[in-house]
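So, here's a batch of structures to check.
Here come two complexes built around subunit A, the first alongside subunit B, the second alongside subunit C.
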Partner chain A sequence: MSAPDAASGSTARAARARRAWLRDLRQVALFTGKRLLALFVTVLVGVYLTIVIANMGGQVDDLRLAQIEATIGEEVRADPGFFDLPSEERNEIIERRVQMEVERLRLDEPFIMRSFDYLQQAIRLDLGRAEQMHSDAGSRQVSMIILERLPATLLLFGTANLLVFVVSVFVALVLSRRYGSPGDRAVIALAPSSAAPGWFYGIFLILVFAFVFPILPDGGMVEVPPPEGTFAYWLSVLEHMTLPLLAMFISTIFISIYSWRTFFLIHSSEDYVEMARAKGLPERLIERRYILRPTLPPIITSFLLMLIGLWSGAIILEQVFNWPGLGTLLFEAIGYRDTPVIIGGVVIFAYLLAVTVFLLDLLYAVLDPRVRVGSGE
Partner chain B sequence: MSRWRAGLQQLRQYPSAVAGAGIILLLVGVSIYSVVAIPYSQALDLWRGGDMWQDHPVNAGPVWADRLAGGAAPRTQTVRADDERVQTEALPGARRIGMPLTFHYDADDFPSELNVFLRADVHDSEAFVRLTWVTPDEREIPLVSRRVSGDQRVSLSQDLDLERRLQAVPHIALMSEAPADADDAPPRVLTGDYELRLDAILFHPEDSLDAELIVYGRVHGLAGTDHQRRDLMVALLWGTPIALAFGLLAAVGTTVTTLVIAAVGVWYRGVVDAVIQRLTEVNMILPLLPILVMVGTLYSTSIWVMLGVVILLGIFSAGIKMYRAMLLPIREAPYIEAAKAYGASNARIILRYMIPRILPVLIPTFVTLIPTFVFLEASLALLGLGDPELPTWGKVLNDAQTQSALYHGFYYWVLSPAGLLMLTGLGFAMFGFALDRVFNPRLRNL
Partner chain C sequence: MTADTLLQVDDLHLHYQTQRGALRAVDGARFDVRRNEALVILGESGCGKSSMAKALLRLLPRNINHFAGRIVVDGVDTSPYSEERFRREIRWRRISYVMQAAMNALNPVVRVGEQVAEPLRVHEGWSRSRALRRAREVFEQVGISTDFLRRYPFELSGGMRQRAVLAMALITEPDLVILDEPTSALDVLTQASIMNVLKGIKAEQGTSFILITHDIATSSELADRVALMYAGRIVEATDAATFFEHPAHPYARMLMASVPRLHERERPTHIPGEPPSLIAPPTGCRFAERCPQRFGRCVEDPPGYRLGPRHVVHCWLHGPGRRAGGGED
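Here is the complex of A and B:
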């Protein structure tokens, strides 16, 4: 390279950059593919475990059989059309109907067979038909029932999470700059309040804002009957969302601010940040390039981990606020012992978690240079 | 050891640590007191409910809350006959007994219920009893007449005939001022000396009659009562040891197993580590609460089964990844090599050399984990999956929820268990946070 032609040098550099970029892309794709495969196996195992637990290893079938016999016996005995029949004939009818019901629910096959069947269907998200429940629109397809409830859950928890995440990171950045100020101390003092889950604050909020000062509804998602017009409808939803949102916000915000602030403080005392300060770089730039950029992967991780934790918490918060989401659905399904819906619900939860984990991996691959060069695990 | 002592010394400088420790000690004290004062089997019996609570009012609030608000709501009065004032008169072949049950009433609100408990030991024919109500302003209101043998409860408040006759709920009509003419004003309490006159005819010389009038109040004790007349104090007291035990056992169970497994994985590496890692990943997508709810509805809601499932699902929790990251550098530390050189076994290296190194970092997490499990138990109870027998805070909340306590204004029913839960959560969280700052060197100066 003693006397290089400027033009050919620049093309060579461009080619090299493109090659590097392609290599990065290949690495990321490879990594993503591997993770996707691993996650798929993980979901497979997780869903199968769920199916086994949901069926109590087959014992639930006995319970269901007894229930079927009881209800059909009742039906036939209460039917005036069968009153004149002798009891043997009636018993025969009962038996035949029980047999039909057993075949409909495929209880005559061994559980092991059905479990793999369930698994295969669950993985394809073909969640089958509910045994007892139906969606509000009247469909008995489990996927329809779940689809009807999913938006409500996503709306509530998505909004709450985003709100908590954005507010806490922003406030934490401000506080870490004013470390030791009264606001900072207040957050430290308030952090232990997050020991209580959202539904706990929910009860208090309902008590105060729905009963003592009745200004907000105590539960549900919209008014009954739903108001006419899109705007009025969403206004009503917003009104119903306020309390659950607030409950989740209160229960997570302080601990979240506290941990971010601590995290930022630790990172802002790193040597390279001191170096940047010594160079006299403006504070904003230091924050963006020297503190936020290297801490981005952990921030994303913790955000997604928080999401994972909140999926579970959804059940109770939804129950307390009577929010027609997945959690309430799952709880109702368990009340009906409707195995397909239970499995469907848990499968969806498992998928949501898996998607969350996958997003995490993907973001890591994009954000963490070590993954791109292929040394990352 | 000196490191621990230094740590404790440091802890004392944090007011939140002192407050947290104080709350924890208080809770432990309450637990010990409850277990000693109300033995386990007795607590279960009491909480099962039934006749033993019949002299308690339904849904009465705590006394102190009413008095603090400046009220003078009635307490429950149990009125027995004064033996000296019992009049006996012989009749041909029978005996007439006049038994006045008198009480003084000066509360500013109506009682919540009126019940008369009669007990007649009769030999051939049933005793005949007639009840008459005498108000302080000398009005006489005939109540009921009936034949009695054995134990009998006369529920004045639920007597529909009487209600029709008085044109109001009996316990209000009987205790209010005489209605003025053409007056729609709400009835007002009449204070003074009331009398329930019992006229009985007994037909056998050895027959005896005993009567008890219970004027149920609107406040009761320190904690109030629930819809089954049970004193909430039982559940509030016994909820404490149960909550602490559940939280502690679950926290110990999950952290210790997780830590040991993480250490085993790090030490053996290779296949063992890979299997542990994959299991952790599977476990991460298993939704804990839905599975617990499932187990609760399908198998058993016993608190110990739940505890078992929590620990089982907690073994391969996400914590493994964190511990692994902490243990990996320790594995390469020279002192481990020294241990290997003198021939320490694998188990010894893991348990005595690796795990103790990260314990200090673990303890704060452990302490802050306890309230999580306490709340988990309450969450399950709130979903109606509480232990079928044990009185817990969560079950009180669940009862309150199903009985629409907030809607009916029984705030105490929700506030007292919730307050205790909050206290537990705060106590452990405050203590744990302070521990974190002492034991995590990176946080020490922040």
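Here is the complex of A and C:
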């Protein structure tokens, strides 16, 4: 960008520089605005589709109606205050209450009308109340339910993915330099091990390290009851994390190294890398400036996508290790047809994705001069 | 080898590993370059010219099969050098290189000036501002506006990028610059102006050049000497005047006859057939298959016959007792 550093000359030049700078600013603002709008539309569409699907296009309403009738009928019949009423009157009361509930939930309106209200609420992050589920603390607020599960998932999957990411990029960079070496060939040979998911390795790990050699816990996040003292507590969490972490690490590390290694191999045969070599630059500088720097955008993309991928957790792995995370939560929510919880999860995911993509757009512009918006000089 | 020999190459081999066996891209090359001399290595596509350039700088590919030979720079044999020592002492300090794909030879995310100045900062430990000042000088020398120092490569045209890479190769004032097809992707006007820049630098700084090309006409402008390559081997090496007027090797003669010339009635001819595979090259002379003058001995490897003080030709026609077969001297 033509920054105002040219302003040292005459005032006319300063004014021109200022105008150019303002024009750049306007362009950046325009670009940002357009991107934000496009992403917002994406979120809208995604969330709306989820609302329609999670409600099975309105069919969930019938289930809900039947459920309301059953619950209220039960309540009224069980209420001692209504015992001596004749059954017609009791039925009338039931009908009235059902009617009230239906009006409260606006089940009498067509689903399509309500779906837009749901959309509006979801977009405002007003996630509402769960129908069946509640948090361990007893709250029925969807946001509370989700917030309660979030740290467990972030802790486990964040650690695992970060570990895999850092280790694989680093090892891949080293291997790409030692193409065809025994280590390189070993990684290629081991890459198919990632065909099995983490939970598959998890089962064996539990079998070996929790039962054959009982040195680690077989599941859960912390001892029951939780140990006193912060240090003892986290030590216990660490102990419980070891096996699931290991399972995830084993199941992804080799394919991850393999693909990064191939990525770096491709990019280290670029002409400008060979030129850097011919120039006699030291290998470390070549790696940093000629391989990593031009490839930073895709590396950061995959890193950020990995981070938001954490949000969904991993349903089966969490089940196998009895880990109280979001994967388990969403799985249960689908089982209960608890639409607000499902929609809540998706809404937050959609927002996270949109924010990430937006950040990536900005980062690309910073990292790659070719992407910078036409700051015509 | 005389005192002003700058580069002496002996028995250079570079073989690649392929699915079908070793590909002998450079197979026993031998030549020398003197100070302030421009050697043109001439050859058709796939004869191993670019591999030769890379071998001289030890830029070995991943699928290397065999690399051997002596590269003597300024009287010092570099073959025992470790990779690290070779990088520090030879690359860009003694020999610099403009690669064939010079358009893509610049890192897309680093400003041109930084890249051009980089060798001075790495090899000589110069400060950034001092190196950039020197970059400004070489930019003027090769005829690019110094404004481009602050630009990114994608903001430069192909010709400008080519010049920027040339500036990068000259910035450390190396003894020898290897240029691999430096002008083949450019239009004729740009070609001519780059050749003029090279001529100027050669005259002013006494730099030696190895110009690798298939373009006989353009290369003749700069050439002091010519080495003709065929199927991984140098078949004739001599001074430019002799080569262009009276080449000795049948391949050289047929090649010269295939060049169209102005003001001449003769139609250019072509050489029938195609070069042999470098994976399983024929024994004996590699040109024999296409040579109209081949005879019994051609199934054996022709040694280098000395026709003049610095004129060597690998052809049995110039062997003892066969001079009548076509020697010019």
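Methods note: the second predicted complex is superposed on the first by the 309 of 377 C-alpha atoms of A that agree within 3 Å, B and C clash if a C-alpha of one lies under 4 Å from a C-alpha of the other, contacts with A are read in each partner's own complex, and residues count from 1 in each chain.
Here is the rule we go by: contacts are C-beta pairs under 8 Å (C-beta built on N, C-alpha and C of every residue); 3 or more make two chains touch, one makes a residue touch a chain.
These figures come from a predicted structure and were not determined experimentally.
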Partners on subunit A (subunit B, subunit C) - clash or fit: fit
Which superposed partner A:Tyr179 touches (first subunit B, second subunit C, both, neither): both
Contacts of A:Arg26 with subunit B and subunit C, given as first, second, both or neither: neither
First, second, both or neither for A:Ala276, with subunit B first and subunit C second: second
Included angle at subunit A between vectors to subunit C and subunit B, based on C-alpha centres and rounded to the nearest 10 degrees: 100
First (subunit B), second (subunit C), both or neither touched by A:Leu49: first
Per-residue touch tally on subunit A - higher for subunit B or for subunit C: B
Touched partner set for A:Arg288, first subunit B, second subunit C, both or neither: neither
Partner chain in contact with A:Leu367 - subunit B first, subunit C second, else both or neither: second
Lowest inter-chain C-alpha distance for subunit C and subunit B in the superposed arrangement, angstrom: 7
Footprint overlap on subunit A, comparing subunit B with subunit C: 179
Subunit C contact footprint on subunit A (complex, rising order): 179-180, 269-272, 274-282, 285, 289-290, 293-294, 367-370
Of all residues in subunit B, those that touch subunit A in their complex: 16, 20, 278, 281-291, 293-295, 297-299, 318, 368, 371-372, 375, 378-379, 382-383, 397, 401, 406-407, 409, 411, 414-415, 418, 421-422, 425-426, 428-430, 432-433, 442-443, 446
Subunit A - residues contacting subunit B, complex: 38-39, 41-43, 45-46, 49-50, 53-54, 56, 60, 179, 188-189, 191-197, 199-200, 203-204, 206-207, 210-211, 218, 262, 265-266, 305, 308, 311-313, 315-316, 319-320, 330-331, 334-335, 337, 342, 345-346, 349-350, 353-354, 357
Interface residues, subunit C side, partner subunit A - complex: 57, 59, 62, 87-88, 90-93, 96-97, 99, 101, 104-110, 118-119, 122-123, 152, 154, 165, 168
